[in-house]
Every structure is written in C-alpha cells, then in structure tokens.
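We just call them A, B and C in the order they show up, numbering each chain from 1.
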C-alpha cells in the first residue's frame, strides 16, 4: 500500500469503520447468554459435582468398606468407618463421612472405587448457607443433598 | 526484584519534582490477580517500579512433597489455572520420565489436542483481558464466548471446566467420550473466522496501534538474558519453542510454524499469540486426523514408587516454558518438587519494560506479559 | 411573590416538563446503553427487572439513594460535596437553550408556543461555556478526594480540558459563519433557508465537533479520567451512593447535550429530512420527533463507539487535539470564511 493510500484510508477512518461494521453485525446475531435460574446449563455426564453413594436394588449400600477412596484422596476428605465381621472375615460399613469443605473434586475417589459406589454426579448447585452442611454422612450421600433451588 | 540495571530512560534527567508513589494492586482491576506494583510516578510517567508478589502463595511445592506422585497432580492445575491442562501435562510428564512409563500413542494424541485447546483458551483469555485493559470491552466478551466452547469440550472429556485434572500418570483418566471428535472439529471450523474478527476489531485499529506499537520494547538479547519464554520471547524474534526444540508427547509428528515478531513490542507479542492460536488449530486438526486406536492408559502400579533419582521435564505452556524438577528418594512421595513457571520469569521484565512509559502503559505491559499470579506465587 | 413569576409562567411550565423529560431520558439512556452494548457483545443486557429490564433504571436509582454515602475522613468536605453538584447542575442548565422544536411548535387554547425555553442571541456561546463547567466538577472531585487515583483522574481531566475545548469551539465557528448568528434557533432556520443541513458543507467541522464532544463527555475512546483499567474509577473512585449517581447522571446528561447541540448545528434540529420527498406524507410529525430521532442517532453512535474502540492514552489525546484537530479546525474556518466572502461578494 502506498503511503498516499494509507493516508487517505486514515483520513476516511477506514480502520475504525471496519471495527464498527463488526460490532453492528454482532449486534444482530443472537446472544449467547444463559439466563441461569430460568435456563439451566447443560452439564456433561462426566462433570464432577455433588458426591453420591450408590445403593443396589434393595436400597443396600454398594460400598464394601475397602477404604481405597479414603486412601487415595489427596485432601483426606473421606472417612470410612468399618468393622470386621468376625464370621465372614469381611469389613462392613458402619459409617461414611465425606467432608466437602476440603474436597477439590479431583475425581480420584470415584475412579478408584471398585464397586462404583462413591460417585461425583453432575449436580452442580452446591451452595449452602451453613458450612456444617458440607460434611456429608452416609444417609445424605445416599439420598442426595438438600437442594437449594434458585427460582426466577 | 530489581534485577536489571535501569535502562536509559530512567537515568535521563527529569524535572526535579516530587515523585508520587502509587500502589497498584494487590486489588486493582488490571493486575490480573493479586500482583502489587509499586509505581514511582513523575506526573503519569513511571520513574521506577517494583513488583511485590506472594499474595497468592499456597505452598504448592511443599504440599506436593506430602502427597503421592499421582495425588499431587490436581494441585498443579492450580498453578496457572487458566491453562490447567498444560500444568497437568508438564507434571505428569515429569513423573512419567522419572518412573520410565511409556504413554500409549492414543493418549499422546488426546493430550496434544487438549493442551492445544488449552493454549487457545489461555490466549483467548489473554486477548480478552489485554484488550479490556486497553479499553476494548467487546473483544473480552467475544473471547469468552469462544473460550466457553473449549471449556465445554474440556468438561465433556475430563469432567471439569477449570481445574480439570485431565491426565493421569501413564495416559488419560478415561477414553475420549462420544462426540469429542465432532465437537472439536466444529470448534476448529469456528475459531479461524473468530480470530479474524478479533483482528478486524484490533489489528488495524489506529487506537490499538498507538497503544501497543513501541510500548514495552525488549530486544532479543535482553529477553533471553532476563529469561523470558513463550510468546513474550518469540515476540522479540527468538525462534524458541519447546514443542520443536525438545519435542515431547507426539509433537514431532505434527507440522506447524513458530510465529515470531520483529520489534519485540506489545503489538508484536499480540500478533504472535494470535498466530499461535491459528497454529494450535492446525495441530489439533492433524492430531484428530491421525488419531491412533488402542489403549488410553499404560499399566501403572497403584502406588507409584519411582527409583531414586532426579528429573527435569519442561513443556511449552501457553505462557512459556513450564518445567518440573522432581527428586525421588525411592518412596511413594516426591522428595522435592520444584516448579519453573513462565509467568514468574516473564514478570522479571516488568521493570525494564515499564520505566519511561505512562501509567496507562503499565496495564498494557502487564497484559502483554500474560502473567498469572497463581503460578508466580504458587 | 407569585406576581413576580406571572410573566414567566410559560417558561416555568416548560422547565418543569423539560426536567421531567430529561431525567427520564437519562434514566433510559443508561438502560439503552446496557442493552445496546449487551447485544453488541452477544449478551442480553438487563432482563430481570420488568419486561426486558425496563424497570432497571428505577431499581438502580433506588439503589443509589439508599446506599451509604461515604465521605473519606481526609477528604476536603466542601470540595467533595460541591463537585458532584458542579458536574450535575450545569449539565441540566443547557437544556433551557436547546430548541427542541420551532418557534411555532404547538398550540394550546389558541395560543402558539415555541419548542424551547429561551432563545438567546448568544445561545451557542452560552452552551459551550456552561458545558465546560461540568469538567470543573471532575477536577474538584478528583482533587478533593485526597486520594491518588482520583487525583490522577483529575489531572487527566485538566489535560483533556485544555486540549478539546479549543478545537471544539473552533469547529462550530464554520456553522456560525454560514448561519450568521449564534442563536441556535436561527442556526436551524438558516439551514431551512439553505435547504441543506450544515453537516454537508461543514463535514470537517462536524467530525471535529463530534470527536471533541466525545472527549468532553469522557466517553470511549476518550474516557481517560475514569479509565477503570488503569485508575480504578478515576475521579469518582472515592464517591459512593447518590453523589456517585450525580456524576453518573451528569455524564449521561452531557451526552444528550452534545448530541442535541450536534443535531441542532449540523443536522437541522427539528427539521424534517428530505422535505421535498417526505413532506406530503409526514408533515403531521411534530418537529420534536425529528429532533429526538437525530439525538438518538448520535447517542447510538456514542454507545456503538463504546462497544467497539479501545482507549487512547491521555498524551495521545492531547496530541490528536493539538496537532491534528486544531489546525484542521482553523483551516476549516478559513476556507468557510473565504467561500462565504466569495459568495456574498
């Protein structure tokens, strides 16, 4: 481009009009906003959100109290309370505490669990008013947390 | 952090007036986190400047010493949280090197795709905030719109959007999900035109030019001496990219160019990063085309005890050379984890780049260095 | 006492109506800004308060009023309190002189009224003078806050003030030369006589005026005194509650003023576009509608700029004003004067 052409372009504000054209074009394309409480976002299956413990068809826990999840957790959020059954020589679950205050949702626990019992589900509305509500015991883990639902 | 001699501009005679000390940060809209810059101002001209860091120190290196080799990986996502996948790749790569684990080809391809996507995401965030610091609000939202697509792909593949914990020692956490290839391809189709759009808003714009040309100039020699890496180094014309210089993962299989700048100013660094996004797209498409079949994860013992020894592994993260130096004493936890992060080194150039410029340029220079405090402070 | 105001009933009524309308216009200008910028940026803007956020300005107003009013302990109280008023009141005064419609705008009870509060011979001069006072508000506010960021904002205001005022004053001189009057009403009438609006013969003056107007109102790309990326909030960093709101409203009022003056000087005020074409069909449309449309066009331009451009640095702004616009404005006056001389020979 010759210097003269450049100067003419500059005087005619070509560079600025180019930008203005782009923004006005965008103005008439649909917005991408998600209006959150009215529209909930699509969450993919693998999303690591609310922790849950699975139960079988009879409502019995899937956990075999192997303690692997507690061992693998880098943040030591999980406490597996277990007792050895003297007859079967197997561990039985007596309680399970999941401390979500420390959890960083890395997903190591669900990855290692041999029975797919502990799982991080795609539920993502995890805000609570009381920090104590983040320490989840077995019933809460099986039932799911009490949901705070935001309405419009 | 006064590591460099003040350039000529600082010693040039200034009017003998009182110098005003202005604290920029740690809470300031454009210090990109919690950087505190102590400016000494003559009017609006910068006479001297000092960076105060450490407000985001979490002791990640120390935490890693108390975790297993595999268990420390998620913490590394929290270094440069804008490019979590790259951090993860560097750390996991270092552990693999230490333990001598071979990663299956499929995992390597997926790793390349995800890290290149992260590179685009990181550069998009950089472009958005950089443009916003210079006053162009709209580019910020356009960039975030496209970044959202990348985050969706990451969420779909790894299960999280920001701190993804994407890789495991030996490969991936899980195989790629259905629809991954299509979605990534769709994104690649889209992004080229969108980058043109950002360019249309900025590259030729006279305001943008006058705010970035000749601002924060650093020549190649100084850039190397200070230890800059990544686009900040390449903007000064040094053709150094670890993906080509010491190929890791499957990078040697792909064809791509290393863009470099000529003048080493803010504008050149801007062009380099834009071109890097286009090259990243090229790499992603090649990796998708040549995606091998097979395992996504090598067999790795559950409790990993690498042999005693030490290793340094570095990758080309979006912001520059990200390296991990691991020392093993043969136990299950690393003896020492040392992180060489690009932002920390790039920040060293701040003083050199800013002196003699105006307050308004400081934000432009912070932007152009593309720092993330999570990784500087660790 | 009331007797005293009797001769001015017409003016007083108009002032009240005007105040109400302008306040409403400002409130909805903020809404419009958020909507326009939102859509430019692929967003929606306010959506929740009322239909498409239509009640948002009211909610914002209530929020500003009930917010705590903080005066920093070490601020200069007098200046700190004075500054928002200094910015706010002049912004409203100018509207008294803007001709929203012609001298025979509407008839009530057999008597015709004009579409403006007052027609003064030196109206243009007065408008330019009063609008400059607003900037004093920013300077005083920035200084009185006794804080560093506002101080820098105030400094920038001064730098900006000394650079845009002169080209701005000169840019409208071409119009004055062509119209032969400083009265805004007569400038519009001159355009009616000429059959051309002044933006065509005075294109250069028009562009300069608008650029300076953007600088005067501290809008993007010249929003340096409040450049939030650098100066946090600039001159109003320390302000909160309704004092901040006054600054905020003053800025929008100024945008409307600049747009209104531009519409009057260059776009034929209340005149209808293409009268020969449209007059048969649209002669029933009152002049104030045309005027509002023109003002709206300018306001949209303001918002569009904000959604598109980065921000200049203050030394660059001064460079543009002094090195480019000022010489061009002077050249424009000389050329206009020469042509006028030639035509009136």
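By our rule, contacts are C-beta pairs under 8 Å (C-beta built on N, C-alpha and C of every residue); 3 or more make two chains touch, one makes a residue touch a chain.
The model shown is predicted, which means the values in this text are computed figures rather than measured ones.
S.K.: Quick one: most central chain, C-alpha centroids?
M.R.: Going by the distance between chain centres and the overall C-alpha centre, it is B.
S.K.: Please state whether A-C or A-B has more C-beta contact pairs across its interface.
M.R.: A-B
S.K.: Starting from the mean Cα coordinates of chain B and chain C, work out the distance between those two points in Å.
M.R.: Comparing mean C-alpha positions, chain C is 44 Å from chain B.
S.K.: Between chain A and chain C, what distance separates the C-alpha centroids? Give it in angstrom.
M.R.: Spacing between the chain centres: roughly 49 Å.
S.K.: Between chain A and chain B, what's the gap in Å when you average each chain's C-alpha atoms?
M.R.: Roughly 25 Å, centre to centre.
S.K.: Specify, in ascending order, the residues of chain A that touch 2 or more different other chains.
M.R.: Within chain A, the residues that touch at least two other chains are 16, 19, 22-23, 26, 32.
S.K.: What positions in chain C touch 2 or more of the other chains?
M.R.: Those would be 40-43, 307-309.
S.K.: Would you give the residues of chain B that are in contact with at least 2 other chains, written as numbers and ranges?
M.R.: Residues 138, 142, 145, 201-202, 205.
S.K.: Which chain C residues qualify as touching chain A in the complex?
M.R.: For chain C paired with chain A, touching residues are 36, 38-44, 47-48, 304-305, 307-309.
S.K.: With touch defined as at the start, can you tell me which chain B residues reach chain A in the complex?
M.R.: 67-68, 70-72, 74-75, 138, 142, 145, 148, 152, 155-160, 163, 165, 173-174, 177, 197, 200-202, 204-206, 302
S.K.: Spell out the residues on chain C that touch chain B in their complex, using ranges where they run on.
M.R.: 37, 40-43, 148-149, 152, 155-156, 220-221, 223-224, 227-232, 306-316
S.K.: Which of the residues in chain B end up touching chain C in this complex?
M.R.: 20, 22-23, 28-30, 43-44, 131-138, 141-142, 145, 201-202, 205, 207-208, 210-211, 358-363
S.K.: Where on chain A does chain C make contact in their complex?
M.R.: Residues of chain A touching chain C: 16, 19-20, 22-24, 26-29, 31-33, 35, 152.
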